[in-house]
Each structure stands twice: as C-alpha cells, then as structure tokens.
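Heads up, there are several structures right after this.
Common to both upcoming complexes is subunit A, partnered first by subunit B, then by subunit C.
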Partner chain A sequence: MSSPRSPRIWQLKDIRYRLLGVECNKCNKRFLGKRLVCPSCGSRDLKIVELSRTGKIYSYTVVHTPPRGRENYGPYIIAIIELDDGARATGEVVDVDPSEVEIGMKVEMVFRRIGEEDRAGIIYYGYKFRPIL
Partner chain B sequence: MRNVAIIGVGITKFGELWDKQLRDLFIDASLEAIKDAKVDLKDIQAIYIGNMSAGEWVEQEHIGPLMADYLGVRGIPSYRVESACASSGIAFKLAYEAVATGLYDLVLVGGVEKMTDVSTEESTHHLASAADREYEAFFGVTFPSLYALMARRHMYEYGTTREQLALVAVKNHRNGSLNPKAHFRNVINIDTVLNSPIVADPLRLFDCSPISDGASAIVIASEDIARKYSDTPIYIIGSGFATDTIALHDRSDITFLWATAEAAKKAYKMADIEPNDIDVAEVHDCFTIAEIMAYEALGFAERGEGGKLIEEGVTELDGKIPVNPSGGLKAKGHPVGATGTAQIVELTLQLRGEAGKRQVQGAEIGLAHNMGGSGSSAVVHILSRVRR
Partner chain C sequence: MSDLRNDPLIGISGYGVYMPVYRIKIEDIAKAWGDDPDTIKNGLLVYEITVKGRDEDQITVAVEAARNALKRAPEVDPKGIGAVYIGSESKPYAVKPSSTVVAAALGLELGVRGADYEFACKGGSEGIISIIAQVKAGMIKYGLAIGADCSQSWPGDVLEYTASSGGAAFIIGVKNNDSVAYFEGTYSVMSDTADFWRRDGVEFPRHTGRFTGKPAYFDHIIKAAEGLMNELNLKPSDFNYIVPHQPNGKFPIRVAKMLGFKIEQVEPGLVTPWTGNFYSGSALTGLCKALDNAEPGERILVVTFGSGAGADAFSIVVQDAIKRKRDLAPKVEDLINKRKVYVDYGVYARLWNKIKV
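Coming up: the complex of A and B.
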C-alpha cells in the first residue's frame, strides 16, 4: 500500500510547485490552496494567485515520531508560516539546525523533494521553507 | 423535543488487547450496556456506532450491519458515524436527537476502535487523515505535531509552562490508577513526563494519549421508558456540536479551541446552566495542551489561564471542577472511535455515584467534551442526575 497516490499528486502539482492560493475579491483575504468559496466572508468571487514566497514562522515543532513513509527521516521541523500577504501554510523548515528555529524567524519558500510513493512509484515535490540569510 | 435519559452503560478494558477483534470489543461493551439497562436485545430500535477508520486499521468497513448481525438484531437500522476522534461523541448526539424527536424510543449507541494490530508508524499515518491530508499530512504533519504547534504558540503568547503541561498527565495518571478499565494505571510524577522521549517538541511521550483498543456503549431511552427500566436514569440536558477549519493554519488563532467554545455555548444554553455549575467533566485530553486549552474554551478558565488552573489544583479529583476522573484519554486510553461514548459512560457512573475510588462526591451535573482532529469538530454534552 502506498500513499499519496499519483493522481492526487498530479491534481495539486501547480499549488505545491508554485505555492498557489486564492484571493477573495470581496474581503481581500488570501488562503492557501484551491477553494471556490471564501472561508472568511462566503464570497464566491475568488481568483487564483501566487502567494508570497516569504514570511515568518508563526509556530513550529520538531517531529521525532514520523508517520509511515518517513521512518528513515531524522527529526524534522514542521512549522506554520505566516506569509507576507497574510495567508498561512504548513510545511517543513530546512537548512537550519532545530535549535536555531524560533517564532518570528524570517523564511523563504524553496522547491524540494517531499517524498516518494514507494520503490516503484513516483517521487513527489513541493514547497518547503528555509531561513532567509 | 422530549426528555431523553441514559439507562445503561458498558465499556471494555482499554489497552493493547491483542486477543480481541474489532467486533468482539463492540459486542462486549454493548452486551454490558444492555445488561446494565435491564433491557432485551429485541427492545433496541436502532444502533449508532462511532468509528474513525476500521477500514484503515483492520480493513473492515460497513460495520453498521456487521455489529447488528453479531448482536443478533439484524433488521434494525444500524448507523456508522465518523468524525475522527469525535466519532462516538457525535454518534451519541445523533442517537439523542433521534430519541428526543420521537423517531425511536430506545437505542444503543457506542464507539469502537481497534488500533494496535498495526505498527505505530502505520497508526500515525491513519490518524493524520483527521488533519488535512493534502495541505498538512502530505508535508509530514503528524497529530502530535499539530498539538505541538498549538502548545508552542500557547506558551509563547501566555507563558504557559512545560511543567503545567506535565501536571495534566500527572493528574490523569493518578485518576487512571483508580480506574480498572484504564490502559495505564501507573502513577507518575513531573519528572516522568519531562524525562520521557520527545515526540514532537515541546510535547513528549507522556504528553500524548496512547494508541489503544477498546469499545464503549450506552442505552438511551425516552423519559417515560427510561423511568420504567431505571431507578437512576441520567438525563441528557445539553448537547452542542460545532465545526472549524480542517487545516490548523487556516485559523486566525491556534491557541483557542473555537469549535469547542461554540459547541459548549450551545450546550450551556440548552441546559440553561453556566460553566461554574459543572460538578465533573470529561474533556478531550488527546495531548496535555488540549486539556489546558479545553479549560479555556469550556469556560473553566479565562483565555491563557488554563495552565494556572491545573497548577492551582482546581481540576484534581478533590478540586472545585474535577476533570477527567476516568484518567482521561491520557491514562484511560484513546481508542479514537470509542472515546466520546467512553466519556459519557464515566459521567454516568459518576452521576449515579458508582465510580468507586475515583467518585466525585455529590456530583449532579457532568460535562463531556469530545474533539475530532486538531479541534475541527467538537461536541459537548451535559448530563444531569436530576430531571430538569
């Protein structure tokens, strides 16, 4: 058994490759990912936008007990990033020692390998974040 | 809406029950509840079963008819309800509503999960399906990590301490040591928690509820029927359910359990009571931080003051609002689909005065709080020993 599956990877590749989200034309708020209805004001007048690729760490953790498929990963950092345009995204923070991470740290999006389905399956990619030098 | 009361409860031992199958657990709890209610199997008009993911854990879906079949009551409707870790709390709400509105007079409601037949990594993967698979779990998010994100931010904004988190586990293990059905019955201290392995920093192993097997079941009936069968019916006087964003990052404030607060507001209003009227509560302490945040969302403490509440001993067994006398999810165990009705089983025993060594003296009104995922679904029930 493997997960995630190829069709699902394909369906969301644009969002994960380019950090896409939606902007509400009514309340101007931005949210990660595809949506047809604004979760804030209920408007259906939304447009797809490229979200800010820089932001700061809103909260973070270091995962020591990984799920299936990540058994061989060392402890890794997961954070909620508040992007400069107000949208938030969850992802890994890389290229930094966990002891140096803190709330408010400025980060930028990077394109990285996320994982693989299994030995015969596809390798999948998407966004991660790293400190801005 | 007519009055509805609990007339029978049953619960299996929680833990790593390698010799028990999914169906064994549910049938054991159900037969115990039916015996306790002094009703016959043929009196049951419908079954509601909370279950998160039997399909993932034991490759069995369609458990509505399966359980009806194995209870020997095939023919009647048997519903399966899923809302992650809140599955049976919400099954209970649906069962209550069906009886309150007159659809049925007597129903069986419960929950079951069989989680320990697979590895921890496998269970961690299945549990992550209660988060947003595509925008959270895909990137490596686990359940402990979501609550760790909340804990970190709660500590940052309110100064909640690592020791305050540990006190929740210490209290719940002490209570669990008095509960023969609990997964863990060992008494621990703050150092046990602080020296345990890191799961998702700042949360350690003893901040996390365990992966457990277990089932719980309850017989509820309309008031007139309940009084025929029971001398100590426990009335359902408040019921509220609310939902929040599936992804944690889409919430403006991750330090507050908004859906819990909304569900509680509805339940308090229906029961016409206030938080300080609660004599005993079972809350969803899937992680220690969750209990502290539940204090705040349920109105037991002001925002940001949950850590102080545990420190002051208010929620201890002999405190003003005893919380999780059963040991909570932390010590009693957390077979996810069984947890919501297990909380109501505990409150029923407490309100009947049958909770043994962990009895909260003179408890008349109890509150159960059950959550799914990172708080994306939350259900609150208020029970009373006295008809209102």
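Coming up: the complex of A and C.
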C-alpha cells in the first residue's frame, strides 16, 4: 500500500500550516503561496513571508451539496479572505452558522483538518478561518 | 522528587488554552439515554461539555493552544524552542508523531526535538517535566509542553457526560523578568493500577467505575501532593490555589478537602463543570485559569493524574509578568463564555462520527 498524495501534501505544508506567501520587493504586494514572478508587476524580486493571520471576508458561498469525501461536512462556507496585509486567501470559514456569515466579517486563521486520504491514509491539515473571538 | 529551588530556576514564559466552540448540555445527553439529568449533574458536578468540531482533533487543539502560549511570550523567538512534547491519549495517528505537525505549524523544524507522551490524563505534565529537565541542564533554551485531547467515550457510557475536547500549552525556559511563574519543585508517584484503559485498535476506552476513585485518583493525587509538600516543607495554607486533575467537578473538590485545603483554594482553578474533562489538558487548563486571576507572589499546587496510574505534583509561584501577559491571549473564562454553539445529541454524535453508515 502506498500513500501517493503524501509528497504533494508535504510540498504544500508551509503554505497550508503557516499561510506562507511572497512579498514583491518592487510593488510591495503580497500573495499566498510560493511564486517566482509577481502577479501584479511581473518582478522576479520576491521574498518569502508569513502572511497576516487576520482579515475580513471579501466574498463567500455556502456549499449545500458537498463533493464525495466531504459528505459529513455540509453545509459549509467557502470564502475569499482579504488579509490585513492585502493578500487574499480562499478557505473555509468555520465555527459560525452559514446564516450568520456576512461580507466584511472579521476573521482569524485557525488550524484545522482540511481532509484525509481515506480512513487509513494521511490526514491533511491547514488553514481555515473563524470569526475573531 | 525534584527540588527546583536551586539555580537556574525554571519559569513559564507563556501559557495558552484552546477549546472548541461547540457545547452539549448534560440534559441533552441524558435525554438520549433516558437518564435523569439532575442526578447526573449533582453526581458529577458537570453542567455542559465542549464538543470538537468535525474538522478538529488532538493535533488542531494542540496547535491552537500553542499559538496562544506564544502570544503570551512575545519575547521568545520561536526558533529558540528546542523541544516540543505533546501529552495525549487521543492521537489521530497510531504511528506518526503529532509533535511534528505542531512543530511545523509553528515554523519549528531545525534544531528541535519532540515526541508524543501517553500516560492517560497526565502525558502533558510528563512533557513539562522533560522540558524543565532539559532547560535546567542547559540542553535547550526554551521548550514547549502541551496537554491536549479530544477525549473518547462509548455511546451510552457515563464517560459521555464528561469526556470533552481542549488543551493547554506552556513555553518553559530559565526564569527571568518575563516569566509569569516559576517551578519550586515536582514530585511524582506511579503504580500498576488498571482503572481505565483502551486496547490497541479499540475505538473507545473502558473503565472500572467506582474503582477509578479511591485506589486510583484519590490515592495517587494525595500521595503526590503530600510527597511534594513534605519535601518542600510546605503545608496547604502556604498555597493560594490547588489545581488537581478534574475528571468531573466533584473529585477535585473532594481530594482538595482530603488534603486539608479549603473550597476557596480549589474553586479558582475549576474548569470541568463548564467544559468537561480535557484529559491530558484537564489540570493544565485549570492551572491556566488560576494564572488568569492570580497575583504575583501567590503559590499554586498543581497535581495531574493519569489512569493506569500515576500523578505529578508541581509547586508554582506566580511572578510580576503575569500582570502584563495575561491579556495577550484569550483567558480561560473568555473561551468558556464568549462564544459557544450548543448542539443536540444527534449533532454531537455526527461531529464525533459515532453514527456508522
């Protein structure tokens, strides 16, 4: 038995565990994930940074019909979060009823399970967001 | 026994707690099983318990508690943390360390060692003792010790009324002006007393009912507490607080009285009546609640207990830094009261994956 997704999960862990991103030394904009070229100005002069762990909901949707493997999770909220440093991250918003979520709601990063391979496989961990306490 | 009153003194630089927002009331569990809720509440002195979210486990609880501990230790560069130990009896992996995930989530990978401790409800305090020893020996500058559990219980078992989810974390280093408290000593006892266990591959633990009381919980906690007080030449009146392990609300009050403490000394560190039993995080969360309200110079007796069985006692003295650090992260009472979402037994069973389809 092998665990074919383990290498991919391993590659993503800094981004998913710590909201690692890049900051452009030319235009100062920040983006989630590791990149070689600035999506805003095209500069290749980027540095790796930890992004802000707080922000607000830029937009969201509620998933009432989860895909296979997430049947036990619905309904759940997927949102684009505008972080305090200007970067944006797409992720789940938890610990709040879908009827209470709204655009502009202040949220903070929280470390949660984001999936699993199967019952015997590896567990995926990473960032989600919740309303600030 | 370890008398820790010689240089270098070992201090707590930061502490943090995490518990899920979900709660279930004793009435809702009792309704599902046809029990009388008042009998349960009066018998256990527990009113509601935390329930893990569907995406939470011992690792996620540990990470959140550790991040709150780091918030209270802004002077600590996380890269100076040389060891991470997690005590738990609900590891999501049977084979694969939880400590590696927690360390990676905190950005610690180089120059750090770690392991998962299991000793029923006192694995967390075993981690604290390991960190104290390594700091005192000069092997590491700082260490992170965590007690975290998403406690398991058979559907319909009396454990369902208390087994809950949460944890506490401590950053420990040489005592300085940034320490919120320091350790005076520790004393441990251990015996082969099978009061509670879970066999390999079995989903839920089994226990021995009343046998978990006198020969296990009470005997070990009393021996550890008395052993520590004897060695340090301290008596109950020398302590402002006693925080024993809290499998329910009644046992810690009863054991405190048996040791000669007053109710006023045990109440400030009580959490289980409103949270349930965090197992490895139980007494340690109680310690954090006491620290949230303690004054510099006050002394705390903490006694963890792990079934199987053993107990670790610590004498801890609060320092001035508590005043400027306690508000840097959520306090225990804030986590208990500020935001909670009540669920019924059906949702509780779904969140715990107790419904097999």
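Here are some notes:
Quick note on the criterion: the second predicted complex is superposed on the first by the 129 of 133 C-alpha atoms of A that agree within 3 Å, B and C clash if a C-alpha of one lies under 4 Å from a C-alpha of the other, contacts with A are read in each partner's own complex, and residues count from 1 in each chain.
Assume a residue touches a chain if its C-beta (ideal position, glycine included) is under 8 Å from a C-beta of that chain, and two chains touch if they have at least 3 such contacts.
What you are looking at is a predicted structure, and each value in this text was computed from that prediction instead of being measured.
Placing subunit B and subunit C on a common subunit A by superposition gives a fit, with no clash between them. Using the contact criterion defined above for the overlaid structures, shared-chain residue A:I114 touches subunit B and also reaches subunit C. When both complexes are overlaid on chain A, the residue A:L133 reaches subunit C alone and has no touch with subunit B. In the superposed model, A:I48 lies in contact with neither subunit B nor subunit C.
Counted by residues of subunit A touched, the larger count belongs to B, out of subunit B and subunit C. After superposing the two complexes on chain A, the angle subtended at the C-alpha centre of subunit A by the centres of subunit B and subunit C comes to 150 degrees, rounded to the nearest 10. Once the two complexes are overlaid on the shared chain, A:Y60 sits against subunit B while remaining clear of subunit C.
When the two complexes are overlaid on their common chain A, residue A:D95 makes contact with subunit C while staying clear of subunit B. Contact with subunit C, but none with subunit B, is seen for A:Y125 once the two complexes are overlaid on the shared chain.
In the superposition on chain A, A:R18 makes contact with subunit C only, not with subunit B. Once both structures are fitted on chain A, no C-alpha atom of subunit B lies closer than 12 Å to one of subunit C.
When the two complexes are superposed on chain A, the residues of subunit A that touch both subunit B and subunit C are 73, 92, 114, 128. Remark: subunit A residues 3-4, 8, 12, 16, 31-33, 39, 58-71, 73, 75-76, 78-80, 88-92, 98, 103, 114, 126, 128 touch subunit B in the complex.
Looking at the complex, you find that subunit B touches subunit A at residues 119-122, 124-125, 128, 133-142, 144-145, 148-150, 152-153, 156, 197-203, 245, 247-250, 254. Taken in their complex, subunit C has these residues touching subunit A: 20-21, 53-57, 59-60, 63-64, 67, 92-93, 101, 104-105, 107, 330, 334-335, 338-339, 341, 350, 353. On subunit A, the positions that touch subunit C within their shared complex are 13-14, 17-18, 50, 72-73, 92, 94-95, 97, 110-114, 123, 125, 128, 131, 133.
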